[in-house]
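Next come two complexes, and both contain subunit A; in the first it sits with subunit B, in the second with subunit C.
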Partner chain A sequence: MRKIGIDQLDDMARGAGILGTGGGGDPYVGKLLAREAIRRHGPVTLYDIAEVPADATVVPISGMGAPTVLLEKLPAGTEELAALRALEAVLGRKATHIVPIEVGGVNSMIPIAAAAQAGLPLVDGDAMGRAFPEAQMVLPTLIGVSNTPMALADDKGNTLVVDAISNHWAERLGRAACVQMGCQVSCADTVLRGDQLADGLVPATLTLAEDLGRAVRLARAAHADPVAAATSVLGGVKLFAGKVVDVERRTTGGFARGKALLAGAGSFELSFQNEHLLARRDGGIVATTPDLICVLDTDTGEPVTTEAMRYGLRVTVIGVPCDPRWTSPAGLELAGPRYFGYDCDYRPLPLA
Partner chain B sequence: MRKIGIDQLDDMARGAGILGTGGGGDPYVGKLLAREAIRRHGPVTLYDIAEVPADATVVPISGMGAPTVLLEKLPAGTEELAALRALEAVLGRKATHIVPIEVGGVNSMIPIAAAAQAGLPLVDGDAMGRAFPEAQMVLPTLIGVSNTPMALADDKGNTLVVDAISNHWAERLGRAACVQMGCQVSCADTVLRGDQLADGLVPATLTLAEDLGRAVRLARAAHADPVAAATSVLGGVKLFAGKVVDVERRTTGGFARGKALLAGAGSFELSFQNEHLLARRDGGIVATTPDLICVLDTDTGEPVTTEAMRYGLRVTVIGVPCDPRWTSPAGLELAGPRYFGYDCDYRPLPLA
Partner chain C sequence: MRIGIDVGGTNTDAALIGDGGEVLATVKSPTTEDVTGGVAAALAGLGATQVSAVMIGTTHFVNALVEAARLEPVAAVRLGLPATAALPPMVDWPERLRKVVEGASYLCHGGHEYDGTPISELDPEELRRVAADIRARGLRSVAISSVFSPVSDSSERRAAEILAAELGQEAHLSLSCEIGRVGLLARENATIVNAALRPLAERAVAAFSQALKVAGIDAPLFLSQNDGTLMDLSRATRYPVATFASGPTNSMRGAAYLSGLTDCAVVDIGGTTSDVGILVGGFPREASGEAMVAEVRTNFRIPDVLSIGIGGGSLVAEDGSVGPRSVGYRLPEEALVFGGGTLTATDLAVAAGHADIGDPSLVAGLDPARPLKLIADRVADAVDRMRTSSDPLPVVLVGGGSILIRELPGFEDVRRPDHYAVANAVGAAIAQVGGEVDRVFSGPRDTVLAEAKAEAVARAERAGAREGSVRIADVEEVPLAYLPGDATRIRVKAVGDLDLEKINA
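== the complex of A and B ==
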């Protein structure tokens, strides 16, 4: 158990942004939300998974929508609690802990803000060990936990509760409502009991995010290579370094979809749906979902989200092995390249 | 108080189909649903509005979607109760009565089926006195009653509860979910207390539907003019008689939208969004929403829904004055021609 205060947020947001593989929302907006909530309500208590009682009611709180929208349409700051309260009303019991559904700029920070606002402790972990675009793409799906009831709340005061026959259906219905709500809503769903956390979460990812963010900051301060520091913390492999020469991006169906083309020693193409899902070097596939394809600013080591990718930016792409549960047959069916329509199988990352 | 059994359904469905102004869903499908429910669960008790206790919890049950879809995708028959139960769960109390939200082929029959299944009495009236395409277009909106919580249930077992900041927002969010659910769902919303029924309902419209359907049937049996019989029961005016020469129809945004062109003594054009909303004779407007524009088969007096309109059909169009509350400024803002994008004001029907 430890406290998260304002001082931890910079490193944590930076690291979460890197782990968010291009998605999860702008870390800066997330940091502001968490900072404001901690300023008002005080620091948040962070528990290891092992410290959470077996009968706890652990509620993931997240933002759903297209990160491109978040850049222009800021949250009201009331959505997280509105979603939590709507979920609790149908559950018939109160949340005892908050947890991130994924790591990613905004989606690691929103749970901190929600925990501060609700006066609840936070669990150190998340349900993906990275960021994925769709609501059913969580480890709890692999162990048969329903992601409904799923409560959505927008900035205007509308709420909506989905009770679906499958986790895919919840995504479909929630996404359609999310688009109508302005493509930027808060979500409370995929409730876990304390004794489901070991199987349903990747442990200690908030701490990993903080360690990662700190390593980048310290390397920069020491005039060392921040990207190399991040790669080392993550046990990742450098895939490419180059300049962004083209970005094709559209906000459609409730997602930010597109491609980015890099030029350096050869050419490199990234395909994304909120998150980077496929990387090709000179036409050959070098990394696929569910492994993490992280894009960093080559100079600063800061995460580059897909919506911030722009012509001329010098970036380095690193690949990081995903949680091994994602490379099981069921994991790949849920979040492997074929689910996203890419005609290729998952292939493990090249060795470093 | 009286009983509705299988024997009443034919007349009631026919009359409701006429009052549905082209929308409200295929009367035949609706009749089958109500017949099956009554066969299994027994007749339904129908109460006049004045007989309902002031503290009653009266729940409108309806189908939402595009009538064109209903022709090919039959309901499972489980949706009504699923929507009702989902609504009751968030209300925290049980419905005491069921009522139709509108008159129209399916939407007058679904409440009968729901009442039979739930073992609840039915109220003789509806919230429009006709059929309208959107969920906020109900008299309860005019007296400040919220249409949320709104519960939706599909044939697959998904349910969804909307809690919106306005009745328009509920329509928007519910419709988006409805489209994902297959464009054919059951809805429980716009809960009324017993003492709100006088202001929130048009009274005795199920009885009117039955009277109307009976008049058509008896005229036909007597080799009299069934369309004239219907016009007389409704106090309506004949607008045109002719042959359908063109139909332009698309299912989009959760609605059946389009136009139908008739030829006879001149030309006549009907514009619809689920329901007929505007009628032009030789280019001049002769009837507009919220007045009822009813299309009947000229030979049989049977209602012709927009989805059944086809080349060669001989039809007669009659105009019927709407409930006077709809022609108030607030009523016209909610359901007048300008709301639907027509650049004209409401004009009362020509005198008979």
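== the complex of A and C ==
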């Protein structure tokens, strides 16, 4: 058990941006929300998974919507608790702990704000170990835990509870409601019992995000290599370093799909949608989702989002093994390359 | 004839440009404490009074923010309730600046969703109560922001009408929809900064006008903006924040003009830094992300500039490395060629015979080859980092420190045009007028793109561009992540020649 205060947020947000693998939304607004909530309500208590009682009611809180909308339409500040209360009313019991559903990007920060406001402790872990675009892409789906009841709350005071026959339907209905509610809502869903956390969460990922952000910051201050520092903390492998020489974007079937070409010692191609999903070196596949493909600014170690990919950037691509449960057949069906429309199978990362 | 003036931190540079576009005279004089003294001296130095326009680029306003001085406290009014209440205005400002600038903050109803539907109805009574409080606090500068005002500006416009009616002529209103782009906190910050600068802008603009009058010049005066286009005085008084990055923009545009190139890299080498930028179609490429100005996160357009610590005054270490420490404006006292005791980059250039400055015999024993090669390598690396394709890229060197460079490894076409030392003033003199659109569009690509382009052209013409001279300078499309449908953020910039008849009409 330890406390998260304002001083930890910068490092944690920087690390969470890297774990966002190009997506997940800029943690900036989330960091400000967490900071203001801690300023008002005090530091948040963070528990390891092993410290949570077996009968605990652990509720993931997250934001759903478009990151660009979040940057413009800032939250009212009531959404997280409204979603939590709506969920509790349906469940007929109170949450005992809050947990992030997604450590990559802005959703690492939203639960910190929620925990501070609710006066509840936070669990150190998340249901993805990275960022994914859809609600059903969580480890709890693999152990038969339902996304629903899923409570959504918007900035205007509307709440909605979705009950669905499957987690894919929960995503579909939740997403449609989110658009109607202004493309930015808070969600409380995918409730876990304390004794389900070991199977339903990737452990200690908030601490990982903080360690990662700190390593990058310290490396920069010491004029050392921040990308090497990040790679080491993540246990990743450097796949390529070079310069972005072409970026192509197009929208097909409602999905923004893009490719970026890198030149360096050889050629490298990144395929991205909301996140970086596929990497080819000299024509051969070297990394695929669900492994993490992290694109970092070579000089600063800052993450480069898919929206910010542009000609001339100097980037280093690192591959980080995902949680092993994602590479099971059921895991790959949920979040492997074929789910995202790529005609190839998952391939493990090359050895470092 | 027109006159361009660049009021920098150290020098005020001026250039007189003939009707055929030729540079007739140039002058450099020290910037004075009151700013206008330097302008008056520069005008006197040029000696021309029969001019059709005077253009000024100035760092005066950005310096006020950096120094947290000469700023007015601001009433920040934000429309968007119940949204946005979690993060009130100025939530992420450095304390030092916030103390000076924050007069009061108000969260009110109004604002829009991403698709233009209202979040809540604007409440005129609520705004009248806000106006009463603003008046009671004695605040005169008001910044108005509204959620998604780049998509729909109606809330900000209506709120401005109500507040103006209540507060009267005394109050200045700054609207975020006229200042920044999508990203509420950053746009609102820029709007608050603008509001804080308005009284200073009025004084500075009046003083510039007075300097012209004293010099016997009766011609319209313009200020240059961040994107290399011009604004007239009434706009400059209302939008001082739009001048923040005009310095590097003007030197890049001047470099383009003097070299005759429109697509090239520009290296502006001053006393302390070398600033590298890229010109595309005659205008600087802009930074894509948000820009920190005096530790305040903003998102107005500024040129994408890479600065490295090499300039004419850079110190040369014993191992031959150069910079980032510099003697700066004390170069004429401290460099070896001027009889000083400090080995500077300028001494290297003189020893190599690149320039005839001071007394070359004082550096006769120096071997400049290796450190000059290191300088060229580092500048070449910076240019390479900024280039946007592998195609051959001409490089134009400007600024007083550009004597340090003769050639750049990896670049075949390296030029230093005539009048290179006052490229910034030339850039101010040749500025055009522009119009820009940046918002989220939904609909078929061809239709929305055509709509955005037509709107940008109309805005340029409204800003004083001659009809028929306006062309599209830049188009950028970014599909929005995690948003179903085909919502796309589109930026279009149009520019045209200044129509003096239209301005004078």
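Assorted remarks:
As a convention for this text, the second predicted complex is superposed on the first by the 313 of 352 C-alpha atoms of A that agree within 3 Å, B and C clash if a C-alpha of one lies under 4 Å from a C-alpha of the other, contacts with A are read in each partner's own complex, and residues count from 1 in each chain.
To be clear about the criterion, a contact is a pair of C-beta atoms (placed from the backbone, for glycine too) under 8 Å apart; a residue touches a chain by one contact, two chains touch by 3 or more.
Note that this is a predicted model, so its numbers are computed, not measured.
Using the contact criterion defined above for the overlaid structures, shared-chain residue A:L33 touches subunit C, although it does not reach subunit B.
Of the two partner chains, neither subunit B nor subunit C is touched by A:A330. Of the two partner chains, subunit B and subunit C are each touched by A:K156.
The wider contact with subunit A, measured as residues touched, comes from C rather than the other of subunit B and subunit C. Once the two complexes are overlaid on the shared chain, A:A50 sits clear of subunit B and of subunit C alike. When the two complexes are overlaid on their common chain A, residue A:A76 makes contact with subunit C while staying clear of subunit B.
Of the two partner chains placed by superposition, subunit B and subunit C are both touched by A:V179.
Touch criterion not met for A:A224: it reaches neither subunit B nor subunit C. Contacts of A:G312 after superposition on the shared chain: subunit C is touched, whereas subunit B is not. Of the two partner chains placed by superposition, only subunit B is touched by A:I165; subunit C is not. Shared interface residues of subunit A, touching subunit B in one complex and subunit C in the other, are 156-157, 179. Of all residues in subunit B, those touching subunit A in their complex are 86, 89-90, 156-165, 169, 172-173, 176-177, 179-181. Within the complex formed with subunit C, the residues of subunit A that make contact are 23, 25, 29, 32-33, 36, 65-69, 71-78, 133, 155-157, 175, 179, 182-183, 245, 249, 251, 254, 256, 263, 274, 306-308, 310-312, 314. Considering their complex, residues 80-87, 91-92, 111, 113-114, 119-120, 147-148, 182-185, 288-289, 385-390, 440, 477-486, 488-489 of subunit C touch subunit A.
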